[in-house]
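Alright, structures below, take your time with them.
Common to both upcoming complexes is chain A, partnered first by chain B, then by chain C.
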Partner chain A sequence: MSEQMTGTDQPILETRALSKRFAIGTRFSAEGRRVVHAVDNVSLTVRRGETVGLVGESGCGKSTLARCLVRLYDITDGQLLFDGDDITGKSLAELRPVRRRLQMVFQDPSASLNPRRRVGDLVAEPLRVHGKLTPAGIRERVAELFDLVGLLPDHVGRYPHEFSGGQRQRVGIARAIALNPDLVVLDEPVSALDVSVQAQIVNLLADLQDKLKLTYIFIAHDLSVVRQVSTRIAVMYLGSIVEEGPSEEVFSAPAHPYSQALISAVPVVETTPSGRRKRIILSGDVPSPLKPPSGCRFHPRCPVAQDRCRTERPALVEHKSGRKVACHFPTV
Partner chain B sequence: MAALAIVLIIVVACLSAPLYARWAGVDPFVSTLDAVITIDGQDVPVMEQSTEGLGLGYTPLGPTWRLGNYFLGADNQGRDVMARMLYGGLNSLLISTAATVLTLILGTAAGLIAGYFGGITDTVLSRFLDILWAFPIYLLAISLSIVTIAEGISIGPITIESGSLWLPVIIIGIVYVPYVARPLRGQVLSLRNSEFVMAAINLGVPGPRILWRDILPNITTTLIVFVPLMMALNMLTESALSFLSIGVQPPDASWGTIIQDGQALLYTRPLVALAPGIAIAISVMALNVFGDGLRDALDPRSKVRLGRD
Partner chain C sequence: MMLSVRDLKVSFRTDDGLVRAIDGVSFDLEEGEILGVVGESGSGKTVSLLAVMGLITDPNAVIEGSIRYKGRELVGLPARELRRLRGNEIAMIFQDPMTALTPVYTIGWQIAEQIQAHQRVSRSAALDRVEELLAEVNFPNPREAMSRYPHQLSGGMRQRAVIAMALSCNPALLVADEPTTALDVTVQAGILDLVRKLRATHNSAVVFITHDMGVVSELADRVMVMYAGRIVERGSRSELFTDPSHPYTRALLGSIPPLTGDKPRRLPAIPGSPPSLLRLPKGCAFGPRCPVRYEACDAGKPDLVGASHAAACFRMAQA
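This part shows the complex of A and B:
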């Protein structure tokens, strides 16, 4: 995807020590009231024009973070800044103008499109709610958007179930870009699709980024897709970012033991088996976010863990230019 | 869909009540103790002098099985039972339909608001519905009827006189609200967390618009399925209240009041009570069967299964 780092002025989106905790159960339930640390102390900066890939295994809090970033969830702790504007505690009504510029594409297009409404109507919805367009203007804009995402003009009258998964996701994308947003959070936009369709959607997203000067936050658990689209990636483990850096550098030389294991798991096609690739297999399971481990969250599974890791939690610090790692013993 | 056919036949028959009365030349709302009808050239009094049994007073005419001529006989006021049956059915249908509409409007509003807005709104609304729910339906309906039957209701500019058909409509409409609101609240709650509602919130669509455009269309199948089932329930409740003289007020008829009239004639003219009883049973059963069929046909889950590619 296009790399056009337009200077280092104001970041379009910035989180400062953002946390999201869910309380489950009541004090009357068997285990009492417990707290899930879904997103824990995430500080992330997204600059205009870049694509930040957010990777991590299922259940590590990627989607929760995504929903916090667009304020679909209330934020428990920390700050969220959009274009320098603190939107952490804004109410639904105060957020409305922000939403024009901050959009989201959901994972499952068959769940994120209302099955009872025609797709033209769905794409027109943001225009009706925000815009000052006349009905004719809206129709024109919808046609334009359909053309932009590669749908046919006579598709407007159809219902979502009349489309294939890829086409549905195109509708979801059309809806997200209808208001010309600055930042689009893509929450696993291709993981519900067939591999061949994935490529089409990824290409479409790249085209749109060029044409509309979009900034993306691209969430996925498929590392090869993330590698292809991202300029920078952040690796998440158990609700926190463990490593962040330019995409190619992180992929070619991951510095955190967890990233190393994760990236070693990417299947590659080897024409001549070289034997150089070593698959790192982690022992144990991901700990429950109900009871995160002490110290470094990764220490019970870490191959290089020391005593220090059990007690002291490493901060996400810059070890090399642009490379941030949350580890006491990074390999940078 | 035989059930639907039966429902339709009953509806059409009841709607034709005034036509039947005019054609038969009877007024089912005034007592005609001294009327005389002609059967096979013979003059027969509507009220026969009792010659047997306890020998007290008169026994009304039994069924003649002649359409338009006291088909089902006369009641203890000498009125044509068939004509009263049709008028009574009309009232029963009107009340149960109107009460269904009222229940669905109130129940949908409560379910949507409680399910969507959650929090304190949900708590207050749901607890209020729980209180309503906690009363046995008939106890609540009977209590409300007894309180309002003599004086009617007068709230602000709205006055409903006692004896008005609106009184049972409102009472029946209100007591069943929790039965509709609770399942709907559950559905709205799960829809509220669905991705397409999230997407709408993320687009900045205001809450009321989401309720109207995104959530309501997704619960309409449930609402449609509720209609026949609620009508059956309402018809039973209405008959019970009318039977207890706290529903439809005489001289107006309803199947419930006719059964009550027939109570005294149970030994001599059992058909007076039996006919409306059978009519209620058939209608309620047909509505229930139709409702079940409708649910099977419209079940959203089966639709999803069909829609999957």
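This part shows the complex of A and C:
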């Protein structure tokens, strides 16, 4: 028992049947008031030191889930636990001590950095808000952070527009790690960057994780990047997790038909002229979360759907150790 | 030869001086060939193709060199003549389909208008053709889709509608500028299939601009890699991907994390970032980031050396 409470087994973050619904329209609009189930019944456990990759198509709810995890959105239903502590309904004041330990990096660094402030100030801001450091202590810590993320000391006086996209993302990362957080939620941190710069940031994130013992939740639509950084991945479709497991296993042998189609659709560089991989092309588009299909939400596009899938919704069940699939006919 | 571009140079007069966005680009395109143009933002891949299409209307732009389409010189051609070619013979699709669609008319109306602008057909014949086209780009219910407005369609469907519009006059040359970048991989796979089908059924030539090496490797017959306004390497798909010779191409391919097999602990990243066109290095533009740079690289800009498979690198030329 005591072993379970210590070391890497203690989950740093846990969601229990977490849901987020948005009401859209008013009772005066043509279709009346409607409800979007953006995140639907998600139970996810994140352990210390691991990197959980969240993948799925646009509109699958991965960014909404990320924002719920750091309580940028209020949670409609279910529970959110941070380090064993229920933070689902905590007020802003009660959240303050949690927020130092739970940080987020956004996709577009030029949108998340105030263009009128010097980057040194931007990185110092969380230290001023949360810390008890003296001005000299703050300067010292900013210099240390700049060094950690690979920015030069004389960059502190510059404005965001004077930097390239990659450097701006380094500023965003420095800001997120300024307070020594335990968990960082990264929402598409490399998607806006040039290909040749992406690898630098991916490496930087890996280095920081080693040095600072960070736990990551990594969201990206680029599956090869997710595979590179993640130890475990969760595949989302229409607001729910359809498959979860160790990154290697899910990528080499996806069990859910949707994961199979998603992974097979990634274009890869063929360095050997030999045979092309088999591709599963899904028909149709992702259905609207306003009118989710009955039964399994993937059934209208699923190549192996049967009658049961149209009526009965599969639950996310553990098939092998650490491998969960929400499908009536998984290939495990 | 369908398209032959020689020593194309595009410069823009700006407040900070003359910016040369394209610096001596030459390439050929045969009928039914798919040419992939890869590069990062600012590498000049879009500007060079906009020049080919005659779509650079900025009065501060200076276009030099020669662009011959089916033997006819396009540089300096009057706007009226160009307009007759565009849409009819040459079509283009862009990254964001909303820029090519007007929000205030239905999809069917817009595509029919495009057909009637170039061909003498009746309205009802044009609308029948629209239905055919939408079916061709895999709309499950083309009749119904014709009465929809762009905002009622998903991103993938909009892009397919734009492709249908581009195909409406059976163009001999299709230029696609990052058409799948804003789309999900599952939708992208469908669009790439469509481009292959177009080539197979109409023998159209396609220029496909992208930053995604994977897409190029799946689609292109020949590939052209651009960096800071110049072609750094070109060759057939197999030449380029099995035996890349320019250090930039190699580094770019190396920095893509693999989807299968062993994953490296660290990715071999390229240091620095792409240069600003206002402050280009003196010699080879890739020099400051290049792992095999030596003295000669600072002396001048390397030219493409080689026949079918060519690279612009002093180090490779010397070896």
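Quick note on the criterion: the second predicted complex is superposed on the first by the 318 of 332 C-alpha atoms of A that agree within 3 Å, B and C clash if a C-alpha of one lies under 4 Å from a C-alpha of the other, contacts with A are read in each partner's own complex, and residues count from 1 in each chain.
By definition in this document, contacts are C-beta pairs under 8 Å (C-beta built on N, C-alpha and C of every residue); 3 or more make two chains touch, one makes a residue touch a chain.
In this text the structure is predicted, and so the values were computed from the model without any measurement.
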item	value
Fit or clash between chain C and chain B when superposed on chain A	fit
Which of chain B and chain C A:221 touches, first, second, both or neither	second
Partner chain in contact with A:24 - chain B first, chain C second, else both or neither	neither
Chain B versus chain C as contact partner of A:152, first or second or both or neither	neither
Partner chain(s) touched by A:99 [first = chain B, second = chain C, both, neither]	first
Touch count on chain A, higher of chain B and chain C	C
First, second, both or neither for A:164, with chain B first and chain C second	both
First, second, both or neither for A:198, with chain B first and chain C second	second
Superposed arrangement, angle subtended at the Cα centre of chain A by chain B and chain C, nearest 10 degrees	80
Partner chain(s) touched by A:265 [first = chain B, second = chain C, both, neither]	second
Which superposed partner A:126 touches (first chain B, second chain C, both, neither)	first
After fitting on chain A: smallest Cα gap, chain B-chain C, Å	8
Overlap of chain C and chain B interfaces on chain A (superposed complexes)	164
Chain B residues touching chain A - in the complex, by the definition given at the top	194-196, 198-207, 209, 213-214, 217-218, 307, 309
Interfacial residue positions of chain A with respect to chain C in the complex	57-58, 164-167, 194-200, 202-203, 206, 221, 223-225, 227-228, 251-252, 261-263, 265-273, 276, 279, 281-286
In the complex with chain A, residue positions of chain C that touch it	40-41, 140, 154-157, 184-190, 192-193, 211-215, 217-218, 238, 241-242, 251-253, 255-260, 263, 265-271, 273-274, 289
Chain A residues touching chain B - in the complex, by the definition given at the top	67, 70, 72, 92, 95-96, 99-100, 103-104, 106-108, 111-117, 125-126, 129-130, 161, 164, 172, 175
